[in-house]
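I've put the structures underneath this note.
Two complexes, one shared chain (subunit A), two partners (subunit B, subunit C).
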Partner chain A sequence: MSGAVPPAGTPPPPPPPPPRFADAAREALADPSVRRGLREATSAARAGAAGAVADSADWEELRAAGAAVRDRTLLDLDRYLEELEGAVVEAGGTVHWAVSAADAVRVVAGLVRAQGESGAAVADAPVLREIGLAGGLAAAGIAVLDAGAAAAVAVTGVDFMVAETGALVRSGGDAAPAPSAALVAVAGLEQAVPAWRDLEVFLQLLPRASGAGRTAARTVVWSGPVAGDGPAACHLVLVDNGRTRALADPVGRTALRCIGCEACLNVCPVYERTGPAAYGPGGAGPIGAVRVPLQRGVRGAHAASLPFASTLCGACADVCPVKIDLPGLLVHLRGEVVEARRDRPVPAPELAAMRAAAWTLAEPRRYEAALRRGARWGRLLARGGRIGRLPGRLGKWSDARDLPAPPAQSFRAWWGRR
Partner chain B sequence: MEAVRVALFVACYNDALFPGTGRAVVRLLERLGHRVDFPAAQTCCGQMHWTTGYRREAAALARAFTGVFDGAGAVVTPSASCAATVRASYAGIARAAGDPALAEAAGRLAVYELTEFLVDVLGVTDVGARFPHRVAYQPTCHALRGLGVGDRPLRLLASVRDLELVDLPAAEECCGFGGTFAVKNADVSVALAADKVRHVRATSADVLCALDNSCLAHIGGALSRLHAGVRVAHLAEILAGPEEG
Partner chain C sequence: MVGAAVSGRDRVLARVRAALGPDRGGAAGVPRDYRRGLGAERADVVALFTERVADLRVPVRHVGADELGTAVAAALWGREAKRIAVPAGLPYGWLADLDGVRALADVPPLDDAALAALDAVVTGCAAAVAETGAVVLDGGRGQGRRALARAPAHHLCVVHADQIAGTVPEALARLDPRRPLTWLGGTPGLEVLVVDQRLC
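For the complex of A and B:
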């Protein structure tokens, strides 16, 4: 018995890696409540966003302006973050840097304990979900209370940080957290904007894209502790969690333009059917499928499966308020996954098949011979003009879909005889 | 209008599996008085390799494609996704391969999806076709968002005699094909197809048409498995009319 109990002070074993998207999605699809709940939520947000966008005659200019501010900021991010830290400290706040998601959770848990508290009010925000804050705090023995609960410590995500003044801005969301002792704001490094005037664009883009309306019902700005009003302490936890890795990828870095509106999730046909859980921890929908592998690397099976969790239909890119080319980034990351696998001693069956296909297609004569072979095989498999069952991995196709029997004559054979 | 010389890119999967679509394009363009060439060295644009992450293989196929069609004038294809690949992805393929010459070669090509060529270059919407059926049109993602073909296909269909165009609910939602997605994430792909099939069956259409036989094979494969009594056809086959003999 004693052998099964780890000695006190030993960290718990790491959780098993999350499943690959296709496997998690299969489970989610089997649960009808996932789809029902999501369809209503996503279609309401989608309709809200479409309405607000239709009412904005200058939507395309706003998007272009938002993308440009983001790109400019990301190029000089270290400078803006330094400026931001100085401004926050100047205003009486404290800045904490967290390298990983686990670091961020540890920092927040430490701040709660430092107030002598065993619970905190926790709001919902993309960055808090990304680092798994609620679960992490609970595992550390800290009670996670509702965002609106009266508590000494409140943890919230912020949407924007103004480098020039140190102001932290939250647009929309539920009731503003009103802790009596300490506010803990968590943000990703990329959420900095250079100056107050840059917010004008984002405070229009964010509510409209998220389906909240033309402007947010509530925008909260924190500018450090104020004597006699509000919490005595203001903490800002800046989360890297792979963002510097993403910044180092010249193609991938555009994903950090993201303002967390979730418009891309709400229009994604895959997300609508599988729900957030299928994507695993770290982020869901098209932007999650981009950011998780970009920030963590593509060696792990879970992260490597995410870029393939999309039909590349392009609906996300059409709605993204900062014009992130999400399908393009998914393809870029698929390329990273394949490149990372090329150096395996034994090539994966897919790599071998793709190489063989490319070799065949590279030479018209080989291609013609393959067409003739394919037609012969197809005729062997066909029944009544349809193929109902394909061999090997292609059986995944024929489990639910017929394939027309291949024709007696390819197009080029017909052309040659004409 | 003066006869135009057209280089047909039939697309490899049409060549092998849907040759009737290629024959329809030839029949249609020749009936309109134009001349069709079929450069025999063509194979594949590289789309599947590129979207599955096989950059090097895609670059090799893109180089071959630009070589075959260099100087060809108007290249016409009955595959919206291939047209979108050449026009929108070749620059990225060239960048990933560090091959600026490929980007330049791609920039010199004039590749049109069939309905773009008919409406924009030839300036026709009435191609003299007759098709006595109820037809629904599926705007495939590459046609709708990749190329932005807009209402060109609908304008062409509206001019077909005896054709009754019926509205497809939720038409702009992806059918779930997505190339290798259909196999890699077969369960989600089939779930999307099931919804598309439900919407198709809610119409009174006998025929579902589109500009991509790949998506049509996916939707049509599900319709066929369900014996839904709706068949799929590439738009070119409707516009070209029946084959003789």
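For the complex of A and C:
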């Protein structure tokens, strides 16, 4: 990797930062056929998951066990990762570590080239989308083939890695990759589970929550190369890409319990309307809106917009198979976004409004004066007892809402006169 | 490449340790109150498996051990299979009643062109799960390599009644994590024959 870098391997210019959620969502919202397709897809997945969950006699016990196994793994993650590395190596595999998405793409590209190949079969998996693997390989001059294509090298995501035995588990409906020379499995650090026995929890939670049913159409377990069966080399690429940033937040780290079932996407009323594209490549739906700012920080406009892409209805927390408190995390991150903007020289409009409100409410005299003035302006704007449109930038807010006109006399004024 | 990999390892592990800080470990125990077994009779386990396989829209039949050869031949005849492959170690009796079907042994391994020309494969399995309807292959005797079960349009899988575990936890306890495992659920082209000794 350090040696011969082919001319095609020069890194492309960094992509422009993704747009804010509200701006990106507008496009999807404007297309009724997209919305209809999304509604049908999400409601089918929702029904599938609800049926498979109702069918399970011990769903709540499985959820409790799943959440606890994840928490235990995360709180000792370095130890389990080292154990995993040892077990994978003992089984004949190789482990690679990538700090960033770019590192991960570079490692995978290097592994493909090391096999003397100019192309690789690439499966679809959340972690591969997150690190932009397909685009990265193409930019490095490596042909990206369909997941089912016969190729010497195949790149796949995995759902679980067993620290105790080194087993890599991929559970899903699509064609399992079948490379002849080398398998490259890419996984986030948090996808480790301590013991083989822990799969008895997750191989029940994942298919049911994802809407696949009681069992996935195909689940494959790789434990290093097997003579005469499949690839001669197995590589595991462990990706950080901001996961340690999320891990450092004692509240936010619970988001790393995620097993990638996407149940929270399918029940989310916001996702059902906007679809995945508006959330950007780092993950969609409530879990994406939590993980992207946790992993990237809230300095960027895109990441900072995601915690607000929710109505906080709580449906996601109810369906999460590992009991992630998604609405709680969204509120936690909204707080972080506001904190991060507190020191800007020009305050954000919400912050200015909140400061003005705090100043007004601090003194009864100021509050009463504001009340009188507000009532007068409100009655001036009202038509037939309703306020249909507020002036200026507030007009956007009142586009879809009507307000009752304030009464001529406030409760305070009435009480004061008695 | 080795240098880069090592430093990446150290950097990632250092970040994990820094992130955990003094909070590391100390997590509560795992409550494992979920069901481990069905608490059902053997016959009920077999009946549940059959029902759950059918729920996956996978054709499933019960046969006695002495009828297996006929059942395999009938299933292949029903799919008009002319060329099939069988893994090493498949009991000869399973194929005893084949008529007009060319059975290729996967020893030495068939090449990709030969695999692509197959109409069906016949395999055994390592375990099955009654509660979910899944069958699990581990590359052992009579199951063959993974490429075999993936190739053709039709995969006839023979499950012995005593291979059926009640639940996922019971099945995992029977399996060796170091073997190349494939769990098949509602996989297209799958067909299951359950061999029940008591039907003899």
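Keep this in mind: the second predicted complex is superposed on the first by the 377 of 418 C-alpha atoms of A that agree within 3 Å, B and C clash if a C-alpha of one lies under 4 Å from a C-alpha of the other, contacts with A are read in each partner's own complex, and residues count from 1 in each chain.
In the analysis below, a residue touches a chain if its C-beta (ideal position, glycine included) is under 8 Å from a C-beta of that chain, and two chains touch if they have at least 3 such contacts.
This is a predicted model, so every value here is computed, not measured.
Visitor: Contacts for A:98 in the overlay, against subunit B (first) and subunit C (second): which applies, first, second, both or neither?
Guide: In the superposition, A:98 contacts subunit C only.
Visitor: Quick one: classify A:137 as touching subunit B (first), subunit C (second), both or neither.
Guide: Touch status of A:137: no partner.
Visitor: Taking the superposition on A as described, I'd like to know which of subunit B and subunit C A:269 touches: first, second, both or neither.
Guide: In the superposition, A:269 touches subunit B alone.
Visitor: Contacts for A:304 in the overlay, against subunit B (first) and subunit C (second): which applies, first, second, both or neither?
Guide: Neither: A:304 stays clear of subunit B and subunit C.
Visitor: Of the partners subunit B and subunit C, which touch A:45 in the superposed model: first, second, both, neither?
Guide: It touches nothing on subunit B or subunit C.
Visitor: Under the stated touch criterion, which partner chain does A:25 make contact with: subunit B (first), subunit C (second), both, or neither?
Guide: first
Visitor: Go through the superposed model and pick first if A:238 touches only subunit B, second if only subunit C, both, or neither.
Guide: A:238 contacts subunit C only, not subunit B.
Visitor: Spell out the residues on subunit B that touch subunit A in their complex, using ranges where they run on.
Guide: Spelled out, the residues of subunit B in touch with subunit A are 10, 12, 14-20, 22-23, 26, 38, 40-44, 48-55, 57, 60-61, 64, 89, 92, 96, 141, 145-146, 172-174, 176-193, 217-218, 220-222, 224-225.
Visitor: Spell out the residues on subunit A that touch subunit B in their complex, using ranges where they run on.
Guide: Residue list for subunit A touching subunit B: 21-22, 25-26, 29, 269-270, 273-274, 307-315, 317-318, 328, 331-339, 354-355, 357-358, 361-364, 367, 371, 374-375, 386, 388, 393-394, 396-397, 399-404, 406-407, 409-416.
Visitor: Taking the touch rule as given, give the residues of subunit A at its contact with subunit C in the complex, in rising order.
Guide: So the residues of subunit A touching subunit C come out as 1-2, 57-58, 61-62, 64-65, 68-69, 71-72, 75-78, 81-82, 85, 91, 95-99, 103, 107, 110, 114, 150, 162, 164-165, 167, 171, 175-176, 178, 189, 196-197, 199-201, 203-204, 207, 212-224, 226, 228-230, 238, 240, 244-245, 247-248, 250, 253.
Visitor: In the complex, go through subunit C and note every residue touching subunit A.
Guide: By the definition above, subunit C touches subunit A via 1, 3-5, 8-9, 11-13, 15-21, 23-35, 52, 55-56, 109, 112, 129, 131-134, 139, 145-147, 150, 168-169, 172-173, 177-188.
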